[in-house]
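When the chains are written out, they are named A, B, C and D in that same order, and each has its own residue count from 1.
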Amino acid sequence: MKLEIMPVKEGDVIQLVGIKHKYYFVKLIAGKVLQTHKGIIEHDEIIGKPWGSRVKSHLGNPFYVFQPSIADMLQDIPRNTQIMYPKDIGYIMLRMGIEYGQHVVEAGTGSGAFTSALALRVGDQGKVYSYEQRPDAQNQARKNLNKFGLLDRVDLKSRDIADGFDEEGVDALFLDVKTPYDYISQVRGALKIGGYFGAILPTTNQVIRLIDMLRRYDFAFIEVVETSLRYYKPEPERFRPVDRMVAHTGFLLFARPLDRDSMINADKNIDQDLDVVV
Amino acid sequence: MKLEIMPVKEGDVIQLVGIKHKYYFVKLIAGKVLQTHKGIIEHDEIIGKPWGSRVKSHLGNPFYVFQPSIADMLQDIPRNTQIMYPKDIGYIMLRMGIEYGQHVVEAGTGSGAFTSALALRVGDQGKVYSYEQRPDAQNQARKNLNKFGLLDRVDLKSRDIADGFDEEGVDALFLDVKTPYDYISQVRGALKIGGYFGAILPTTNQVIRLIDMLRRYDFAFIEVVETSLRYYKPEPERFRPVDRMVAHTGFLLFARPLDRDSMINADKNIDQDLDVVV
Amino acid sequence: MKLEIMPVKEGDVIQLVGIKHKYYFVKLIAGKVLQTHKGIIEHDEIIGKPWGSRVKSHLGNPFYVFQPSIADMLQDIPRNTQIMYPKDIGYIMLRMGIEYGQHVVEAGTGSGAFTSALALRVGDQGKVYSYEQRPDAQNQARKNLNKFGLLDRVDLKSRDIADGFDEEGVDALFLDVKTPYDYISQVRGALKIGGYFGAILPTTNQVIRLIDMLRRYDFAFIEVVETSLRYYKPEPERFRPVDRMVAHTGFLLFARPLDRDSMINADKNIDQDLDVVV
Amino acid sequence: MKLEIMPVKEGDVIQLVGIKHKYYFVKLIAGKVLQTHKGIIEHDEIIGKPWGSRVKSHLGNPFYVFQPSIADMLQDIPRNTQIMYPKDIGYIMLRMGIEYGQHVVEAGTGSGAFTSALALRVGDQGKVYSYEQRPDAQNQARKNLNKFGLLDRVDLKSRDIADGFDEEGVDALFLDVKTPYDYISQVRGALKIGGYFGAILPTTNQVIRLIDMLRRYDFAFIEVVETSLRYYKPEPERFRPVDRMVAHTGFLLFARPLDRDSMINADKNIDQDLDVVV
């Protein structure tokens, strides 16, 4: 069965791959041109062609129109702040069950990298509510979301989450803030019973405080993990790991709020449950 | 803004959480009952209630109706074969850009764990074409997909992929077979230019052969990684890593097919690109 | 140059390797016999032969007389307590500069595994002072040290280290106790200026408290690390990591006491120094 | 018991620690002076003082005379080539049972880092035979060994090991060369039965070839491991791993030669033995 390869539309973000695999991420806008190291390409040359097509620059050099994944696009995102890594984003979204159509709250927005991944995932039927107090970070995130064509799926808010979230009953809520343990009451207010709470934290001290607070607020299924990714040199004659790697991006913490009455008699020693989770 | 918590429908898979966080994964069918360690619960009691609701067994014990993530559900999947781990599934789907509405080929199906994750992700507008030659594995996968309500999004095929895939122009193609290097010509036939190829392989010998073959067949952006997950005991007074961990599930390999002409002049030494990818 | 292979002496611990590489660790005593799965061997048959020799059991089965390393011997050590792993022992001894002729303090003794490694290293010109309050642990350690022929290099003490160590001016001091931060004043009393302090600790909470205390007591060059070891299956056709690994044995902490006056003006932010250490 | 702190002698390598923990490694020679960032210090000021003493520069700034470990000294070693890391050296020496009084062969010498560690360990009763074909590397190694006062324990040889080693019956033999699998016959000639063979290799391809060759040459107890070291920031308020780490230095391979007749009936599937080794 031959699937119809969809045409590239105005507004799409493409990965334009040239000689020696050098590439550009570009949002297509009718009438615009792209300056490459190998000549100029008009966006109109690309719009309407199927993904995977070959186009040529005005100097005759070939380029290929690739459909990028969000993992590819995040490499290229302009940022003011530390952004989350694909190794963490992939696991977080799977662990928290973030899928098409969901409503998800996030704080802080930062440069919008994780926000973009969330917005892509929840699709046109879902919504991301993203809180950020620093105006410059929010502006950067807005630009990035707009570049990826995802801005309409995100509600960017510049509120202090100490005052609570506007939402109630969301499917998942993620905190990437310095003192997440200060907002657990607010988290409970926003997240549905059995929904997924997640956080990323650089230090063990923060994790310790957050676990303690989550237990007080009747969260269960608490899981703390670190992900890591080890790259190998893709050389068949000299196959080996690369020399250096990222050792730490943050501890990931997940938990789910129970109904407050339900904790009576509940066993708090759930460590052994982790064995199944592996 | 108070979001409407959706009601649980017949056919949904729920995670029913009881006292001490003991839980059951159940597919809801009108008229059926569930035997728990704390009494019997009728499915009809649950159908129509909002997610997060509390129900009681005939002995009066409370249970909570949680909406599970695919990572949760895969813990419980009946299997004949080694299944893929969430740590790998999360990264693979992010790396290969698998999102709502896509068409994806997979071989082999195995017990259908990764198939389930793919089917959930591509949604009701996408499709998974999954090849498996062992009838018992395919039967197991069919049962699992049916249990999760995902069977209609998957086309289960019992063909030898040496004869080629039926599909052309798919967005992504994943191989979890013993000798993936034997099918790269077939992969090229099925995958669109710039689409995502992925594979999981236990041994370095297999990886070496696969890299070599991908280079011959004009694949670019070859990336080989291992993911790992380190669990911590969530005890605030004694916060520490767990004693043992999974050391190896498989090497993950990703690549993208170029147009065959495009490799002329292409630099095959793309190792340094990896630095950006991290 | 042909080196003379030394003969095996009474009192030596040998690794007796039989068919299919099955082996026994035995301390040789004149007149004794060893029961193996392949027949009986008299110790007198072995004493006086060069290392590497072949001997036969009374059933005619061959055995080889191997000289074991301490890492080999520790596999076989009878224990009441968790013992330290070779991965940690090797790094600790290198990091703390433990060499021939030194005087080293250790607490607690435990089953004597690390004590044995220290005693072997400091040799017949050095000394290990090892503190332990649990009589059963100390007895076990005594037996193990005696078996390895190392007891005369160790001074086993059953004192509470809260009362201070008997020694002053030792080269290195290692703590494997629950609350090492309670004994740092005592450590300073025993260790020479610039000597090496080390500790192994399972939890982050303990590490945090110990770092804090070491800073107060004018220790410098504080280093916290975890070692890990990943085993591979030594199969040339299917070379790959083993499935499971030890994820955590303990955090290792190292530091060196400065003269108390010297800390004035000292920069406590020495993190960047770690870069050189890698 | 107050141990006598030994005096520093001419020829000793000291670690001279100044304000803010800045330090210098110096070999003491009567009549020489050291230029520091905080003034000049005469070696004669230091010689004869006990380890740990305080001395002052001509500007009145204090410095402390620390006794460095080999791990410390290797940080500072001038090198032409990649040197081995303490994480590997510590484990290799423990695993191969390298202790006081032994005779050890090594090839290649490189900059002499591992040679220095070996020479320190085998002491004045042992000997290291170190082969290197590149004259510049050997010269560098000679300077380093001389600086550490270890040159008299090392026999530096500039021979091609393809012609065999001069020694027979050594306790341990370590290869850090590109094609160790080409010299296994020569290794057998030099190493005593049951002695320890070790190698470090960057790529999986090399490891695969070496395992294969060792099996052909009747080596047993083959073990392949990678060590790793994860550093933590020693900050009690923000305790966390450092951001980046060394991902790969090399695979370590260990094995022991059996008597050639002994392999008859020997089980080559010794993987399960590894479980005990952990």
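We take it that contacts are C-beta pairs under 8 Å (C-beta built on N, C-alpha and C of every residue); 3 or more make two chains touch, one makes a residue touch a chain.
All values derive from a computational prediction rather than experimental measurement.
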Among B-D, A-C or A-B, find the interface that matches C-D: by residue number, over half of the contact pairs should be common to both.
A-B
Write down the chain pair with more C-beta contact pairs when A-B is set against B-C.
A-B
If you average the Cα atoms of subunit B and of subunit D to get two centres, how far apart are those centres in Å?
46
Distance between subunit B and subunit C based on Cα centroids, please, to the nearest Å.
45
With chain centres defined as C-alpha means, what is the inter-centre distance between subunit A and subunit B in Å?
18
Among the residues of subunit D, which are close enough to touch at least two other chains?
204-205, 208, 230-231, 239, 242, 245-246
Contact set on subunit C toward subunit B in their complex
202-205, 230-231, 237-249
Residue numbers of subunit B touching subunit D in their complex, please.
204-205, 208
In the complex, go through subunit A and note every residue touching subunit B.
1-5, 15, 17, 19-21, 51-54, 62, 64-72, 75, 85-87, 89-97, 99-100, 103, 117, 120-121, 123, 166-171, 192-196, 204, 207-209, 211-212, 215, 220-236, 239, 242, 245-246, 251, 253, 256, 258-259, 261-262, 265-267, 270-271, 273-274, 276-278
